[in-house]
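Both of the next two complexes hold subunit A, though its partner changes from subunit B to subunit C.
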Partner chain A sequence: MGAGIDMAKAQAISEIANIGWEQRKRKFLPYAYLSPTLALLAALTIVPIVTVFLYSLVDNVIINQNPPVFVGLENYEEVLTNRKFRGALSNTLYFAIVSVIVHFIIGLSFALLLNTRLIGNKTKALFRVIYILPWVFTASIIAILWRLLLNPHGVINFVLLELGFVQEKLEWLSDRDLALNAVTFINIWAGYPFYMVSFLAGLQGIPDDLYEAGRVDGGNSWQLFRFITLPQLKPIIVSLALLDFIWTIHQFTLIWMTTGGGPMRSTEVLSTYTYKAAFSSHEYSIASTLAMIILAICTFVGIFYVRNQRMTDE
Partner chain B sequence: MKRYLLAVLMILLLVAGGAASAQDVTLEFQQWWEPELPEGAFRAILDDFEAANPGIKVVTISGPYLTTKDQIIASAATGTMADVVGLDGAWVNVLWKQGALASLSAVMMEAGFDDSELAAQIQLAGETYMIPIANFIYPVFVNLDMLAAAGIDPPSTRAEFAAAAAALTDPDNNVSGWAQPLSLEQPNGIQNDTMSWLWASGGSMLDDMGQPNLVGNEALAETMEFIKSLHDAGVVAPGAFSMKENEKVEEFVNERVAMIINTLAHFTLIRERNPDLNFDITALPAAEGYDGPRGLPYASWGIGIGANTEHTAEAWKLIEYLVSVEGNSKLTSIANAFPGNVNATPDFITTDPLFETAFAIFQEGYLANEFTGLPAAEELMRQFDEPFQFYLEGDIDLDEFLEIAQEEWEAIFE
Partner chain C sequence: MVASRAQIRRAKILTWIALIIGACFAGLPVLWMIASSFKSNLEIFAYPPALIDHSFSFKAYLAVLGDPGQLRFFFNSYLVAIMVTICTVVTSILAGYSFSRYDFRFKRFLTLVIIGVQSVPPITLMIPYFGLIVWLGLYNSYTALVLTYMVFTLSYAIIMMTGYFNTLPRDLDEAVMIDGGGSFVTLWRILAPISLPGIVSVGVYTFMLAWNEFLFALTLTRTNDMRTVPIGIHLLMGQHSFEWNQMMALSVLGSLPVLILFLLFQRYFIAGMSAGSIKG
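Let's turn to the complex of A and B:
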């Protein structure tokens, strides 16, 4: 009798243990599935960010023979009080904001043109190819192309002179009053197709019923655009604008290869300023500090992007 | 019996193999020269070295200049630098700060090498860390047809240069007398096209202690005023503030600029791009009244030894060969460069009249590039370039420009 009770107890304990194991297994299984991604995330994102953050807290790294000295937030103070940094930040914001606004205007205009029923499909296909061309080129090719076009002896000046728009050759990339606008223009030229393609996809997804209902209600073209097209495209507009802002803040190759931040720092942006600190001055801690500041700006914008995505999903 | 014989044979082979591997040393040699030379030419020189030094093999790690620079700086940080490295003078200081380069002074002394044959040595804290083995000087290239049309001779003084540039400038036909690239992306225009004027007249941008000497430096001030006068006179090609070295050469090749300061390394390129271009070279014009030897701006292929090498003696043997009369003559002949050994004679100077002229300029002057070995040399040029542009634009005066540059340089030198 006693032995029978013991066996039942043992069996019960074993079953409880099995249930506990199953529960634990069920609890940890999702983490096991996630572990490869988490490992990659840690190796490719978290470790570099933490490393750069730690670099930003010491006097200098990589080229030191002596161990780095912890300096706290001194590098941040040095960077934030530097007038060259403030100039670069101001140029970056101008470059990014103007690029985003004009990208939006041109991208939407071209998308509307390509979505119209007034043009035949073959013509539309041709213009789609033409309009998307700038997006095909890499940043370095775009920089070389526009350096040639904007050369004082280049095609742009020749055309403008011949048409009488200017009286003398303009030094587009060497004149500090023109250079920032010139590189912003190049960036706009290079980036509008992405907007155009995204808006075109969005326009094609708007149901015709809405426009028919609008017409029945007596709406004119402007009202249809204002009260149907724009609200329908709003999620795409917000997402694109935020992403474009982040990408444009990171833009380096185009500016580096066209002006190198000059003339007279008129096109110095955060990315070129950071590059010079790291690879020209070998001030890797200052460069890390700048990278953390850029990360903070992008994170701030990224929060809006995530919120917008969440609202769209809901 | 056979089994014993086989065992003995195997032991003998092992011992022999061990002995051979103990003697064979493989040197890694990282540089950017091999891709810039005719295919197989650099390897042939190394094969000659290997033939003369049994037991030493050289494995080359070759890549473009910028890739090599990045890799060498990265390998210095991780202690994995190649045994022998090709060096640019602008990198030496940063590598030295990391303790990544071996002192060649000590190695030369140990090997009993007589360094009087060397044309130059790059020293830091009194020790040699780089030996320039091939030098590319920067004379003035002049378009002879344009000069002949204007009825003038190649200039030899600054006043003559200014007069020639003015006479050659023809805005209606898109022609300028001179081009000065001042791009902030590639600020080497400060070294090659700006400070070169100072060095050509025996001036210096550093004091006796090797520290920045920009403020109160009369020779430098006169040089900057001279260059500004050229800009003010409108004889400098437009777009100078974003112009790069390759664009300067293109402007000359396309006959839109009559005179440029340029490296001899571009001889072949210019001839290929415009076979009809009738050009010559001349020494950089000096200030009025200066008759001393003219400093010649130059770029070098330098060589050094990684501090982490386990084969210092073998690494030095390779360097010794490349700076020897024989090895240096071979290398500089194929590179169209001037030798790092004062007794070496590259063969091209006897086959090409332009190189003959260049060699005469080389022998009459002296190699002058004060940026070589300075800390963050490229950044020094950039920090000079920025206020220089403001000065040329007329935003700040000469004193203010030099004070800003001095302050920036002192911060880098600290």
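Let's turn to the complex of A and C:
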């Protein structure tokens, strides 16, 4: 008897211990599943950001015989008062803001075209593939393609001359007054499909009855668009615009491979300026300072993006 | 309000005009790329320009495919992109499972971190990466590229995977758990197989990003036998006088993997994108 009770007790205790173990396991497991991600992000995001921040506070870093000297915010002062930096900043903002606005217009127009009931589904599928095309090309290929098209002896100048839009062959990428608009145009061509695809998904998610109700109330197509489509797409629009703004500020390859920031720094953006400071002039402290400034801009925009984005349904 | 037949007809014509203008904007540059890859280099800027001319040949393609140095770019790109895809898919399934099925203390914080990583500019990480990768002895290696690419493929992949797992009912895995399966078994035997559409879209997206990466491939490799296709095109541009036809042929060949993947999986891909990311 006594032995039996002891047995039962022992079993109960072990069960309780087991539950405790289960609970602990349940607490610990999600972190275990996340561990590869966390290890990678710690090693390759957090450590590097801290490193680059420290570099920006110091002179004589990397490839330098002299010992590092702590200089506080002097590098920031040097960068922020520099005319080249201000030029690069204003080019970057122009490039990014114009890209985002035109991406939105073209992306939404194409999405609306592909969402119409006036044409058959097969035709729509074909046009959808054509419209997405720019998206499948990598930035370096897009750069080289547009250097071919925009060459002074290239096909675009030929067409514009024949149609009488221009009087002479234009140096799209090597004329100081044209280059920034030319690279912005290339970026617009390269980037709108991302908007289009997202808007298409968004449009298909708008319930038909909303439009039915709108029509019953006597709304014309502009009013339906203005008061139903746009408000319904608003969360997507905000996400896309913020993400695209951040991506465009990052953009390096396209500019590096079309103009390299030239002519006369007329297309110099923050990323090409930083790259040159690091790998051409070997001014790693200045490059790190620039890198931190770009990070600050992107983080500022990123905060709005994160707030707008809800990953898990909470 | 019923539109008359004439009105519908007019709307149809306008739509077709708009569609065709759009198709020219998107498609003609690509068509010109393909056409130029079949020309001889002398005819690239011929006046007046023609889509196809007497110099039509496959010579540029043969030149690219007959050059071991350029084939190496392709080998490197495939190897790195496939490695990145496998590592990203496995890691994001684990992380997505954690976010979708567990509640834990730092969940909200970690979610924000992972979304936030998307806004970290590569150029900020480039300078410390250079030092870090050299210090680890990984400079000019495939490992360096795979690890650094994953920083940028992973966060979006996790968001997409979490979104996909969230669409699957929890009863499903709870049933398996009650039958005595551990959480790990549940994930790999039950959830992962039925999440194939989500996994495919994560994989395609990751492959595209990895195939296209430029900045880290440029700064973290040194020798030509480690270069990827985008860098190869960059090098070809710097070398000898511009061989436009060869560069266009290399561009067409370099875009085919992504194009084929995209055409095969566009349905999954677009669905995955809209499920995972842009959901306000």
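In this section, the second predicted complex is superposed on the first by the 271 of 314 C-alpha atoms of A that agree within 3 Å, B and C clash if a C-alpha of one lies under 4 Å from a C-alpha of the other, contacts with A are read in each partner's own complex, and residues count from 1 in each chain.
The definition used in the following text is that a residue touches a chain if its C-beta (ideal position, glycine included) is under 8 Å from a C-beta of that chain, and two chains touch if they have at least 3 such contacts.
Since this is a predicted model, take the numbers as computed values, not measurements.
Of the two partner chains, neither subunit B nor subunit C is touched by A:Val71.
Judged by the touch definition given at the top, the superposed model places A:Pro36 against subunit C, while subunit B stays out of reach. Once the two complexes are overlaid on the shared chain, A:Met257 sits against subunit B and subunit C alike. By the touch criterion stated above, A:Lys169 is placed in contact with subunit B alone, subunit C being left untouched.
Set against each other, subunit B and subunit C touch different numbers of residues in subunit A, with C touching more.
By the touch criterion defined above, A:Leu161 reaches neither subunit B nor subunit C. Contacts of A:Leu93 after superposition on the shared chain: neither subunit B nor subunit C is touched. After overlaying the two complexes on the shared chain, residue contacts for A:His153 are found with subunit B and with subunit C alike.
Of the two partner chains placed around the shared chain by superposition, neither subunit B nor subunit C is touched by A:Leu210.
Within the superposed three-chain model, A:Leu224 lies out of touch with both subunit B and subunit C [touch as defined at top]. Residues common to the contacts of subunit A with subunit B and with subunit C across the two structures: 62, 151, 153, 257. For subunit C in complex with subunit A, the touching residues are 1, 8, 11-12, 15-16, 18-19, 22-23, 25-27, 29-30, 32-33, 36, 44-45, 47-49, 90-92, 94-95, 97-100, 102, 104, 107-108, 110-132, 147-148, 150-151, 154, 158-159, 162-163, 166, 183, 208, 211-212, 214-215, 219, 229-231, 233-234, 237, 244, 247-248, 251, 254-255, 258-259, 262-263, 266, 270-271, 273-274, 277-280.
Across the interface of their complex, subunit B is touched by residues 62-65, 147, 151-153, 169, 171, 173-176, 179, 256-265, 276, 280-282 of subunit A. Here subunit A touches subunit C in the complex through residues 26-27, 29-31, 33-34, 36-38, 40-41, 44-45, 47-49, 51-52, 55, 62, 109-110, 113, 116, 118-119, 127, 129-141, 144-146, 148-149, 151, 153-155, 158, 189, 193, 197-198, 200-202, 205, 215, 218, 234-236, 238-240, 243, 246, 249-250, 252-253, 257, 270-271, 274-275, 278-279, 284, 287-288, 291-292, 294-295, 298-299, 301-302, 305-306, 308-314, going by the rule given at the top. The touching residues of subunit B, counted against subunit A in their complex, run 77, 94, 97-99, 174, 182-187, 237-243, 256, 376, 378-379, 382, 385-386, 389-390, 393, 395, 412.
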